[in-house]
Amino acid sequence: MTATTNRQGPGPLVPPAKPSLLYRPEFRQAVYQILLVVGLVAGFWAIAHNVSENLARQNIASGFGFWNRTSGFDISQSLITYNNQSTYGQAFWAGLFNTLLVAALGVVFATLLGFIIGIGRLSSNWLIARLCGAYVETLRNLPLLLQLFFWYFAVLKNLPGPRQSIVLPAGATLNVRGLYIPAPVPEQGFNAVLIAFAMGIVASIGVYMWARRRQLATGERFPVLWTTLALILLLPGAVYIALGQPLGWEYPVLRGFNFQGGIPIQPELMALVVGLSTYTASFIAEIVRAGIAGVPRGQREAANALGLSSGLTMRLVVIPQALRIIIPPLTSQYLNLAKNSSLAVAIGYPDFVSVFTGTVLNQTGQAVEVILLTMLVFLTISLITSAFMNWFNKHIALVER
Amino acid sequence: MEKGNFMKRATKLFATAAAVALGTAGMASAQTLDKVKKQGTLSCGVNVGLAGFSAPDDKGNWTGLDVDYCRAIAAAVLGDATKVRFVPTTAKERFTALQSGEIDVLNRNTTWTLGRDSSLGLSFVGTNYYDGQGLMVKKSLGVKSATELGGATVCVQTGTTTELNLADYFRLNKLEYKPVVFEKADEILQAYQAGRCDVYTTDASGLYAQRLQMQQPDEHIVLPEIISKEPLGPSVRQGDSQWFTIVRWVHFALLNAEEAGITKANVDQMTNSTNPDIRRILGKEGEFGKGIGLSADWAYQAIKQVGNYGEIFEKNVGSGSRINIARGQNSLWTKGGLQYAPPIR
Amino acid sequence: MTSTTADLRPPRSEVGVVGWLRKNLFSSPMNAILTVIGIWIIWTVVNAVAHWAFANATWDGTSGKDCTWPGAGACWPFIKAKFSQFMYGRYPEPQRWRVDLTYVLAIIGLVPLMIPRIPGKLFNTIYMLVFFPIAAFLLLVGGYFGLPYVPTELWGGLLVTLVVASVGIAGAFPLGILLALGRRSRMPIVRWVSVGFIEIVRGVPLITVLFMASVMLPLFLPEGMTIDKLMRALIMVALFSAAYLAEVIRGGLQAIPRGQFEAADALGLTYAQKMGLIVLPQALKLVIPGIVNTFIGLFKDTSLVLIIGIFDLLGIVQLNQTDANWFSPSTGMTGYVFAGLVFWIFCFGMSRYSLFIERRLAESDKR
């Protein structure tokens, strides 16, 4: 509207030498932006208006009043205290922690596997390189959901029932209901072992710092790895034996329908972790390969010329530089993994989406609130992960001289 | 006529897509009856697949008790039982689909509860199937009663009243259990058969229907305990009393027809009946059709094209079907059941 | 002197098959061990697959019972019996030629578009962008020219997978370009809005967006207005992929040398001319591999629509697992392997194509 009134020509305040207001970029940009804002506000207003009208007309509940109401349903696995007398709010947290658990496990396994496969693809061994290549090309070209179904419905479902369980070493048991591993039960005096363990870690850090300083000053190397391993493992081990092994084990036993005792790991969790980590590993492998390949040949040759072994070349020269290339895309793979963990809903693992966006939404019927909260949670996870990985990236980035 | 109708639909699809793309709002609020009549089809929300209630075959033909209710409503309103668009809905989206007007009536083995009547914007019109939650186990477990289920793993569908009843029942009986929750019935079926759970729980009718889908139906039994009341019935949007009345009275007409002995086969002879009850049902006496905004032969069309309640029941879940559930509570009140319809007069 | 050294033949251990083996498989004890492990893995996998898929497979039968015997492998008759459902869902049988015709039209447009040597790209693009979508819509939905209307509830199988993926990416394209331009815009509000949209969408899982399509979007519309469920999913998938596409295109925009922008400005071109005629054609060409990769990701992700009750290829396979008639211990595995094979062929094919384009671009850069 402003534009049309100005079409007649420059206003009295505008010097004639300047182009007409309509043709000035600043003016146009302002108009575009105002239009955009108006459009967005109108759009959001229309949506909000429709939603509130739709809800009010049909007398549909809204708001977050449900948060403190009793949920009335159970969750098969929860890291926090939760039962069917808990509130919807507690169900929210129970689901969220289950998601974080899967994401954490998935990140660890996917990284390990991804690095192994990625380095394997560059192996001088022709067969190993091809095998790793085949792994990558197979897994990343299949939908994750299909892989989850495969692991859950086709593989794990073929395990025997509880009464014909597969007995694994060390008292563990595997059947269609999951993997049961013995649970450690600390007895009198076990705290001393924990304290020894903590002391071992502290001492190791001290040794590491001292050795580093000495190496910088004198150039002499100190066998840090062996010393720290001894400190962390042998020290608490010695205390453990000295105190008469104050740690009992609770073994899973078949009682009634299921195994009781021990630490049960649901098949849903197993399928999800295996599926997520093998899938994500295929992407991480590619990133690792590209990262290592991105380190200039000269670096490797120089390290060889200095007489470093191939292991040391990898550890001290190639990997630190490759990490600079690897970290940013690796971050987005971690985020993808966290987001993909929401597919748990399809195989019955009680993750956040399944518990909150599934059951809570269904029981309360408050779609708008629940979905908005879900998105907020994932956005928060994304932001925190990105922030951490950015910090980490800055921390390890080589200082260019 | 046919073609014009399809044209209209496709244009509507275009129009809606365009409207969304442009962000334009519009279209005045329409009463459901007018909308259905204008469109010439009834959009009916059904289950994505539950034998006996609503299940499509390989070619997309729907069958089931709920499906026949959709057809009966279409016959009463539009005079043609085939003018139904079946919209398969998951447990999660069924209420939104109704609230938003995507469907005109929800016939999806949905339990009538106060919570749903009050805070979800639904109005249940009646109960077309009195059900209760049952528990199914493998015979080989040797379990005879639900009270022996302490420590069992139970497969259940998310977002249902079933999930809540289950928690209540086990808590009340001080029994431990582990739920395994799935979104879809076919996933539960797979998990239960693979032995992931000891118990499969859902509405008893659902258990019988699902058992047919199993490899060896005889190896599973439904325990005697019924742990909840599950009155299943059609629901409509709140605030449209005309439409509510129509759907409710289609249901009652089917019941009254059975009571009066009017069947799909004899309905044409019955129009000549002198019995005033029958004459009123079939629109030969009184102006009841007009009163609810329909044609005089609304009930006649429903019965003629779909059948009375008893016929629908027997054909889909009763003795005429593989599921073979006894009428039991779903018999007419005259035969000791709970199905009781107010008179048409 | 030099000639004598040249005449000496290299040791036998360094050339030929033996040399190759020594160099590539047994260069060190460690490598030798790895090679043996590798051979063992290959042997185990090939052996298991061959037994399962061929030697122990059931080839003929009419029900799951035929596939139930000790040590039975794949249940191929299951695939044979359900094949048309896997491809078309419940699309009415007499109308299935319409789907086939749509595929043919797509191939007619796509093949010449994908082979760089074939001329007439402009005509081809117009065909794909204007003619094909209209034709596909008319054919698949129907309702015109005497074609019966086929409601989208009946669609399923590979048809839905392809429709969701291709409509998703096609719909995402214009918005993706706008967002990418917006993110690099000098106008702060435009930039913020673009960045906000891109980051929010990329921060949430597709499944929540699909849930939004199935349970929230209907409430956004004014009373009396509804959109088909498949259509809602398509809209959301398109919005979702637009954010990812925008990031890919932004990469292309960043790779265009400043001089190109400045030259366009110097010629007095408007913003639209500058972008449409100079910058975007170059940027988009650069990011074809990235676009193809986004498409691969989207193609795989289409399987998520089964969670909201739309039966794509995987959804139909999953649904048929519960068919009592076909119950057997290996039905599940067979179904997943079949679906996996179809997905894999599409995705692998596209990733190879993307590599091919990448190499071509790299070569044209060298000049």
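Read from first to last, the chains carry the letters A, B and C; within each, the first residue is number 1.
In this section, a contact is a pair of C-beta atoms (placed from the backbone, for glycine too) under 8 Å apart; a residue touches a chain by one contact, two chains touch by 3 or more.
Note that the coordinates shown come from a computational prediction; the quantities given were computed from them, not determined experimentally.
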Chain pair bearing the highest count of C-beta contacts: A-C
Chain whose Cα centroid lies at the greatest distance from that of chain B: A
Centroid distance [mean C-alpha coordinates] between chain C and chain B, Å: 39
Length of the line joining the C-alpha centres of chain A and chain B, rounded to whole Å: 42
Chain A-chain C separation of Cα centroids, rounded to whole Å: 25
Set of chain A residues in contact with two or more other chains: 50, 54-55, 57, 153, 157-158, 345-346, 361, 367
Junction residues of chain B, two or more chains touched: 25, 92, 96, 99-100, 183, 187, 190
Shared interface positions of chain C, touching two or more other chains: 211, 215-216, 219, 221-223, 307, 318, 321, 332
Contact footprint of chain C on chain B as seen in their complex: 3, 5-7, 9-10, 13, 16-17, 19-20, 25-30, 35, 48-49, 56, 58-60, 85-90, 92-93, 96-97, 99-102, 183-184, 186-187, 189-190, 193, 212-215
Interfacial residue positions of chain B with respect to chain A in the complex: 23, 25, 91-92, 95-96, 99-100, 116, 118-121, 141, 149-153, 158-160, 163-164, 166-168, 171, 177-183, 187, 190-191, 194-196, 198, 237-239
Footprint of chain C on chain A - complex, ascending: 29, 32-33, 36-37, 40, 47, 50-51, 53-55, 57, 123-128, 131, 137-138, 140-146, 149-150, 153-154, 157-158, 335, 339-340, 342-343, 345-346, 353, 357, 361, 367-368, 371, 374-375, 378-379, 382-383
In the complex, chain C residues that touch chain B: 64, 85, 90-93, 141-144, 146, 148-149, 151, 153-154, 211, 214-216, 218-219, 221-229, 231, 235, 307-309, 318-319, 321-324, 327, 332
Interfacial residue positions of chain A with respect to chain B in the complex: 39, 42-43, 46, 50, 54-55, 57-61, 72-76, 84-85, 153, 157-158, 161, 176-177, 255-258, 260, 267-268, 345-348, 350, 354, 358-359, 361-363, 365, 367
